[in-house]
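Given below, in the form of C-alpha cells, are the structures.
Two complexes are shown next, each including subunit A; its partner changes from subunit B in the first to subunit C in the second.
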Partner chain A sequence: MRKLVVAASLFFLLFYSLPLLASAVDAEQQRITLSLATEPPSLDSALATDQISSFLLAHLMEGLVQYGPDGNLVPGIARRWEVREDGATFWLREGATWSDGKPVTAEQFVYAWRRALDPATASQYAFILFPVKNAEAVNRGDSSPEQLGVRAANPYKLEVSFDKPCPYFAKLTAFMTFYPARQDVVERWGRAYAADADKMIFNGPFLLKRWVHGARLTLEKNPRYWNQAAIKLQEIDLPYITSDPSTHYNLYKDNRIALSPLDSSTLSDALARGYETHLFDFGTLFFLEFNHRDDRATRNLALRRAIQSVLNPSLLVYKVLGLPGIKPAYSLFPSSMRAGEGVFSEQYPPPRIDYDIEQAQRYLAQAKQELGTIPPLTLLVGDSPRAVNEAEFYQYVLKQSLGLETRLDQQTFKQRISKMRRGEFDIAAAGWGPDFDDPITFGDLFASWNENNRGRFIHAGYDAAVRQAQQSLDPEVRLQAFDRMQHIISDEVVIIPTYENVGLYVQHPRLAGVRRSIFGGDPNFRYAWVEP
Partner chain B sequence: MSYLATDFEPLPPQAPEAAETLTPSPPLWRLLLGDVRACIAAVTVVAMLLLAAAGPWVWPQSPGTQWLSQVSVGPSGARTVDVVPDDPWQGPDRAVDSLTALQATTTAVKLAWPSLPTAVSYRVYRNKGGVGLGMPLTETPNTHYADHLQLSEQTYRYSVVPVKVDGTTGEPLWIEVNPRLTLGEFEAKLLGLVPENGQVSLPAHPLGTDALGRDMLSRILHGARTSMLVGLTAPLLFITLGAFYGALAGLLGGWVDNVLMRFADFVVALPFLLFMILFRVALGIESGESGLFPMVLAMVLLSWPSAARLVRGQVLQLRESAFVMSARLAGASNFYLIRRHLLPNVLPLLLVSLSFAIPQAIFTEALLSFIGMGVVPPTPSWGTLCNDGIRSMLTHPHELVIPALAISATVLAFNVLGDALRDAMDVKVRRGVR
Partner chain C sequence: MLRYVLKRIAYGALTIWFIATATFFAMHAVPGDPFNSAKAATPQLRENLRARYGLDKPVSEQYVLYLKNMLRGDFGISFTQENRRVNDIIREHFPVSAILGVVALLIATAGGIAGGAVAAYWHNRLPDRLLMMAVVLAISIPSFVIAALAQLFIVQANDLAGRSLLPVAGWGTLSHLWIPALVLGLGTMAYLARLMRSSMLDVMNTDYILTARAKGLGTWQIFWRHQLRNALLPVVTELGPTIAAITTGGFVVELIFAIPGLGRYFVQAVQQLDYTVIMGTTVFYGAFLVTIVVIVDLLYGVIDPRIRLHGGQR
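Presenting the complex of A and B:
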C-alpha cells in the first residue's frame, strides 16, 4: 500500500511538474528554451572546433571585437583598434570584468593565445593565430611561448606584431580561439578546465548556470557583463540534446523549443501547417574537387574543361536539390561574401561559363588524344540522401553528354575526408564553410601549401595571388587578387563550384532579434528578446 | 506341426474386385490446375519472368534517363512541349502596376511587381494551396524575381511581402500562377532532343517518375532483370550443388557420408554477410563497382547444405526401399538406379525447395542492394528502387509503393506456388484432403 502511495505521488509529481518544464518562450521571465544537436565536446576556447561550442562560447565569452546586429565588426572588450602593416594595437575598455568581478586585462589575451599555440595544448585551430609573429615556430615547439609577437603594453593595451601584413586581423580576433583566458582558473582545474559549469569563468553576456552532461545546459544572464544593459534575455535553457532533426521539429511543434532547423521532409510538414519558415544563408560553398595528382586522368585540363562545360549548376539546384534558398554557385567565393566596401561578387562578378555540349565534346576528343583512353572516373561522395541524388545526377550528365563512365564511391564524412587526404578519388564532392569574414578563408584553400588542398593543385600564379591577398593592405589590390583567383579556378578548372547551401528553420513568432550569422556563433541571442 | 498336401496347392484365382485398386497418381500439372491459388501464382510467376526477359523491349525507355523537368510526377501521357531559353533574367522591360507573372512555365515563373515607396526589400513566398505564405523563396531589393525551383504543373500562390527599413513587414501582394510544362534549352540538348518549330515531344510515363525524373516503369522492368537474375541463378546453382552433394553422401553412406555431412554442418555455421563482404574484398571489388557477383558466389557457396540434407535423407530412405533392393537384385547399374528410381523421387522435393529458395534470394538481393552492397547506381534493382523511394516516401509514396509491390507480388507468388507443389506431391496430405 505504501508503495502504491509513493508511486501515485511520484506520478502526480511528474505529471504536474511537466508543464513547469518550460514552454518555448516566456515573456515575463524573458526566458527561452532551445535544443542542441550534440553536447559540446569542450567549452575550452583554445580547443573548441565545432559549431555547438562556437554557439555556446559566443554567448559565454567576449573577444576583442565582435559581430554586431547587422554583421559588421563592433567593439567588444577592445573599445578601439588599429591594424598596421607590421602589427596591430587594441585598446581595452576598463569596465569589462569576469563573472567573479576581476577585470579583463590584456595579459589574459596574451596568456590565452600562447596557450592555444602551445604544442601541449594541441589546439586544432592553432593555425588561425599564425599571422601573429613567431606563432608557427611556437606551435611547432621551436620557439618558447614568450617569443610570440603579442604583449601587454599595460593592462589595457594589447600590442600584436606580425611576420607579414595581415589586413583582416581584426576580423580574426572575433573568432573563439582568440578569446581571453584566466591563468589562475585554467591552472586550478588543469585537464578538467571548462569541462563543467563550475570549472570555468565567463566574460560574456551569459554565464553557464548548469551543465548536466549529456542532458542539459542552462545559460543565465551575466550581471557583471560590461554591456549587460543591452542584454534582454534572462535565461536560455537547453534541456534537449538530440541529433535527430525530426525530434527538434517535433519539440518545436509541441511548443517546447523556440527554434528548430528544417530538412526537406520536415519542411513540407511545416508548410502544410502554415508555419512561417525562414531562410538563412550559411555562406557555405559546395563544389566538385578534381584530383590533380600525376596518376589521375583528371590532371588533364581538356578533360576537366569538358566536364565543366556540361555540369550546369542551375540544373542541379533547381531540378535535383529542390530546396528553397540554395543558389547555384559559379565562383570560389560565395555570392554573399563581403570584401572591401560591399559584396565581392557585385564588384567582381564570377567568370562566365558557357554550358555547351558540343564544345564539351570537342574538349573530350582533345583529352582522349592526349590521354589515350579515359578510365572510369571515381566520384567520391557523401552518404546522405541528398548527396546520393546529387551524385547520380553528375553520373547521368557525364554519361549522357560525354559518354564518360563514373563510379560512385559513397562514404561517411570521416571516411570521405581521409580518402580525399590520401588522394583516392578522381572527383570528390566537397564543401567549405568560412572561418572569418574575408574571402581569403576560401582563397587560400587551393594554395599549394594548404593542407586542405586535397586535389594537390599547384599553380605559381595562384600562389602569388594568395600571397598578395594575404599581405597587401590596399583593399583594391586585394580585390583584384581575389578576382585573379576566381578566374584561375575557372580557367584551370581547379574545382567546379556547384551550390551555396542555406539553412531553413522555424522560429517562435514571439521571439525577436535573433541574429543568424555565418561568423561569431550561430544562432546569436545576444540581442534577442521575447515579445509579450 | 504337420502339413497337408492341400496346403501346397495354388490358390484359386481371386476375383479382381476383391483386390485393392491402385490407380497411378494424376500428373502434377493436373493437380495444380485444380488449385485456383496455385494457378494465379503460376501465372504471376510466368508473367514476372516474361516481364523481366522481354519487358525492356516492349517498353524501350532507358531506366537511366533523367527527365529533370518531370521530377516525381504521377502517371502521365506523351506530351509535346515548348523549349524555352534559359538565360538569366535581368528584369521586365516595362513597369507593371500590380504583381504580374510575365512568364509562367515550369522552366521559370517570372514575377514583377510595382515598387512600394516604404519598402527596402521584398520577400517572395510560394504556396501550393496550403495555409500561410508557404515556402520562402528569396529576399530581394529588386522588384522582380524568376522562380525556377522544381516547378510542376499545378496552381501556385506567390506572395510578395514588402519589408520596411525597421524590419517590419507590410501587406503581401499575391497572385495565382499555373505554369505550363516546358523544357529549358540546355536540358533539351542534354536529352538529345532536337526541337521542331521550337517544340519537342516527351514520352509517356505510365507509372510516373522518381525523384530524379527517371521513368518508373522502365526502372521496374530493368530492376526485375537484376532481381530475377540473382533470384534464379543463385538458387538453381546452390540447389544443384546441394543435390549432387547430398546424393553422393546418401548413396555412398558410411564414413564418407559422415565426413560429408559434418562438412555441411560446418558450412551452415558460416555467416552469409561476412562472407559476402570477404568475397568482395578478395575479388578486389571497390565501392562503386557492382557487388552482384560476390553476392551470388556467397549465396551459392553458403546455401547448399539445406538442399544437400534434404536429398541425402531422401536418398538414404530410397536406398533401403524394396523396389531399389529388387532392382539391385535384378542387376541394375548405379546409373540406372539413379535415373530410374532416385531422381524421379527426389526431383519433386527439389522443385519445392527451389520455389522457396527463389523468393528468399530475391529478398536477399533486395536487402543487400537496399543497404548498398548489391548493384550500384545507375543500375536499378527492386531493392535500390525501394531505397530511393524511401527518401521521398512522405511526399511521393508511389516511388516506394510500386517496387515494394513488385517484390511482394513476386515473392508471394513463388511461395504460394511452392506450397501448392508441396501439397500436390505430399501423398499423405492429398489423401487427407480428398
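Presenting the complex of A and C:
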C-alpha cells in the first residue's frame, strides 16, 4: 500500500507542473493574447479566402493601400496613387522593406498578380484581379502572364491598365490577393510556400514568429516595417485554436484572452457579470434567393410577390431570432454600406414593401391562374440551429397566410451551395459578405454573368445598371445605378432580404485602439495598445 | 504460431484495403465537391482546381493512383489547408491525440480498477451504491456535456483561488493535460469499474477464496492477494479495444479544450469534404485499429496460458 502511495505522489509531482500562463493583456510588454476559431487554411496571399487568414495576413503584410483607423483608405506601400479611366498609377515609397531587409518594389506586385492569375495557382480570388487588362485571358490560360496589364515602370512606380474603367480599383488593392510576393521565396519553397512560419516573408507591421499547426501562432512586431514607429503592440500571441464558442468565452472569463465573441448562450452570462459588451457590424446580408429557372414555379413573378408580401423581416428578427444586434434587412445593400460621401442607405433609402395579406392573396390567385397548381416548394436551408428556426418560420408563414406547402431541405454548407449551383431548389436561404468597401460587391451578385447568381436571374435592365456602376467614374451616376438595382431587386422580387448579421463580443477594458471592420482584416490591431 | 501471426497480418492488410476502398468510393458518392465555397468559382477556376488536385481524371484512374500513393505512404496535399501535406498533418497531430489518449487510459484504468474493487469490497453498502450511481452518470452523460461542465468548473475554481490553478484550455504544458484526459477517460473508467466489480464478485464466491479464509488469512490479505489479482484478468483483456477507442475518440474533448489533436482534423475534414485528409486519416486510423487488435489477439496467449494460438493439437 505504501508503495502505491509513493508511486501515486511521484506520478502527480512529475505531471503537475504549475502552469505559467500569460494573462490576456500585459501593458509593460505591450503584449496581448487572443484565440482563433480555426487554424488559418492558407497564409499564401494568392490562395487565402477566409476571415482568419485575412486577419493574420492584414497584420503580416501590407498592400499598396490600407484602411486607416476611421475606415478610409490611407497610404500603404504606395505613398500616393491615381485612378483614371484607362488605368491607375501607384507611386511606391522608397524605404519600405521586407523582414529580411530587401526593398519592397513594384516588380514584386507584378509577380504576385501574375501568380494569382496563373491557372496553375488555381486561386479562388483570381476574379478580384479581373479589372486589370487581360486578367481573365491570363486566368483562362489564353494569354501569357506577361500580357497582364500591369508593369513596373521603375522599381517604385507601378502602372496598371484596365479593359474597362474601374472607379473602385484603389479599394481593391487593399485586398489580400493584391499583396506583393517575393519570387525568390515562393520558388524556394514551391508548394510548401507559406505553410510554416519559416517558409514565408513579411512586409507588414508584424512577423510570424511561431506557427505550431492547430495549436499556436505568435506575431511579433516587425522592426523593419516602414511605419514601425506607429505600431505600439510588441506581441500578439494566439495560443488557443478551437471552433467551440464557449471555450473562447471561458478563456476570456479566466483572463487568458483579450477578446471573445459572444453567442446567445454566452451573452446572458456576460450581461449578468456586468461585462461591457460591444457590437460589430459585419456588413453581411442574409436573404432568400428564388430559383428563376424555367422549370420552377418560383419563375412566376406573382407567386414571388405573394411571398414577399407576407414575409416581414422584422417579424423574423424580433420574434424568431431574438438576438441582440441582428437587424432586419430591406435592401440588397446592407444599411452600413458606404458609398460616395456617406452611407448609401441614408442617401437612397430601401424601397418600401407593404406587408398586406389581402394583396398577397390577390397575387397568389393570379399566380394560380398562370401556373395552374402550385407544387410544394422546396426550401433549401443550412443545418445550424438558427437556420432551422428561420426555416420553420418561413414554412409557418407561407402555410398560414397563403396556404403554400413547403418541403424543407436541410444541407451542410458545401452541399447547399452545390444544390444551389445545380438549381435544385425553389427558395434557398443564402448570405453574402462583402469583399471590399463598395456597393458593387453586392450589386453585381445578380448580374446575368455572375457565377454567384445561383438562382439564374436574368434581366437586361439590371445588367445595364451593374455595368454603369462598374464603369462610371462619376460618383452620383454610380449611386443612381445602385438605387436602380435595389428597386429592381424589390420590384422583381429577385431575392427577399431578411437580416443583417451583427457580431457581439467582449473586449478587455485595458485594450484600446482595436478597429473592427470587415474590410482590411478583422479585428485590426495595427493601431491597438494596452493601457497601463 | 508463426502461421497464425502471418494469417492475422494478412487479414489485417485485407481489412485496411477494404477500408481504403470503401472510403474512396463513399466519398466520391457524397453530393457536392470540396471546391464549393461561398464565392462561386468560374468554370475556369473549377477546372484549374480539379487539375491541381487530379480530380479531372476518371474515378478509376484516381483510385489506382490513390492506392499506389498510399502504398508509398503518400496521402497527398490537403484541400483546405492548401499548402500542407496530409502526412505532415497526421505526423504532427496524431502524437497529441495519442498522448492525451494514453494518459486518459492510465487514469481510466487506475480509477476503474480501484473503483470496481472498492465497490465489490463494500458490496451492496453505501460506497458501492454511490459508486454505481456515479458509474451510471458517467456512462450516460455525453462527453461534450461533461467536458463543458469541467471547463466551467476550472473557470470557477480559478476565480475563487484568484490565480490559475489549472488552464482553461490549450496545449503545451503537462497541466493542460489533466482535466481533458480525465474527461476523455471517464466513460471508460466507469465501464471498467462495472466490469471490475462483477469480476470481483465472481471471484469472491470461488473455492480458493473459501480455502484462503479457512487457512485463517485476514480479510485484507484475501482481498489484496487473491481476489484483486484474479479479478483483473477479464479487465486486462478488455483494454485492447479500449486503447484504440480512446486514442481515436477525443474529438469533442479536443474541440472544447482547444487541443491540436488529429480527431479535430478528421471531423473538420468530413465537414469540408477535404478528400485527401479524409482518406489519409481514415486509412491511418483504420490501420492503427487493425494493428492494435492483432497485437491484443497475440497477447491473449501471453497473458492467459489457457488460450493456445496454434490449436489443432489433440
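Here is the rule we use: the second predicted complex is superposed on the first by the 513 of 532 C-alpha atoms of A that agree within 3 Å, B and C clash if a C-alpha of one lies under 4 Å from a C-alpha of the other, contacts with A are read in each partner's own complex, and residues count from 1 in each chain.
Throughout what follows, a contact is a pair of C-beta atoms (placed from the backbone, for glycine too) under 8 Å apart; a residue touches a chain by one contact, two chains touch by 3 or more.
Please read these numbers as outputs of a predicted model, since none were measured by experiment.
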Fit or clash between subunit C and subunit B when superposed on subunit A
fit
Under the stated touch criterion, which partner chain does A:N222 make contact with: subunit B (first), subunit C (second), both, or neither?
neither
Once both structures sit on top of one another, what is the angle subunit B-subunit A-subunit C taken between CA centres, to the nearest 10 degrees?
50
Touching A:V212, do we find subunit B (first), subunit C (second), both, or neither?
second
Which of subunit B and subunit C A:T412 touches, first, second, both or neither
second
Which of subunit B and subunit C A:Y396 touches, first, second, both or neither:
first
State whether subunit B or subunit C is in contact with more residues of subunit A in the superposed arrangement.
C
Who does A:V320 touch here: subunit B (first), subunit C (second), both, or neither?
first
Applying the touch criterion given at the start, work out whether A:A195 contacts subunit B, subunit C, both or neither, answering first, second, both or neither.
second
Just checking: does A:T441 make contact with subunit B only, subunit C only, both, or neither of them? Give me first, second, both or neither.
neither
When the two complexes are superposed, subunit B comes to within a least CA distance of subunit C, in Å, of 12
Intersection of subunit A residues contacting subunit B with those contacting subunit C?
none
Which of the residues in subunit B come into contact with subunit A in the complex?
64-66, 68-69, 71, 86, 126-128, 130-139, 148-150, 184, 186-187, 189-192, 211-213, 286-289, 372, 376-378, 391, 394-395
Subunit B-facing residues of subunit A, complex:
265, 267-269, 271-279, 310, 312, 314-315, 318-320, 322, 324-325, 355, 357, 378-379, 385, 388-389, 391-393, 395-397, 399-401, 407-411, 504
For subunit A, which residues are in contact with subunit C within the complex?
14-21, 35, 38-39, 41-42, 44, 47, 49, 119-127, 139-140, 191-195, 212-216, 239-244, 246-247, 250-251, 253-254, 256, 412-415, 417-419, 421, 431-433, 435, 450-452, 454
Complex contacts: residues of subunit C adjacent to subunit A:
30-34, 36-45, 47-49, 51-52, 77, 80-84, 88-89, 92-93, 96, 103, 148, 151-152, 154-155, 158-159, 164, 166-178, 255-258, 260-261, 264-265, 268, 271-273
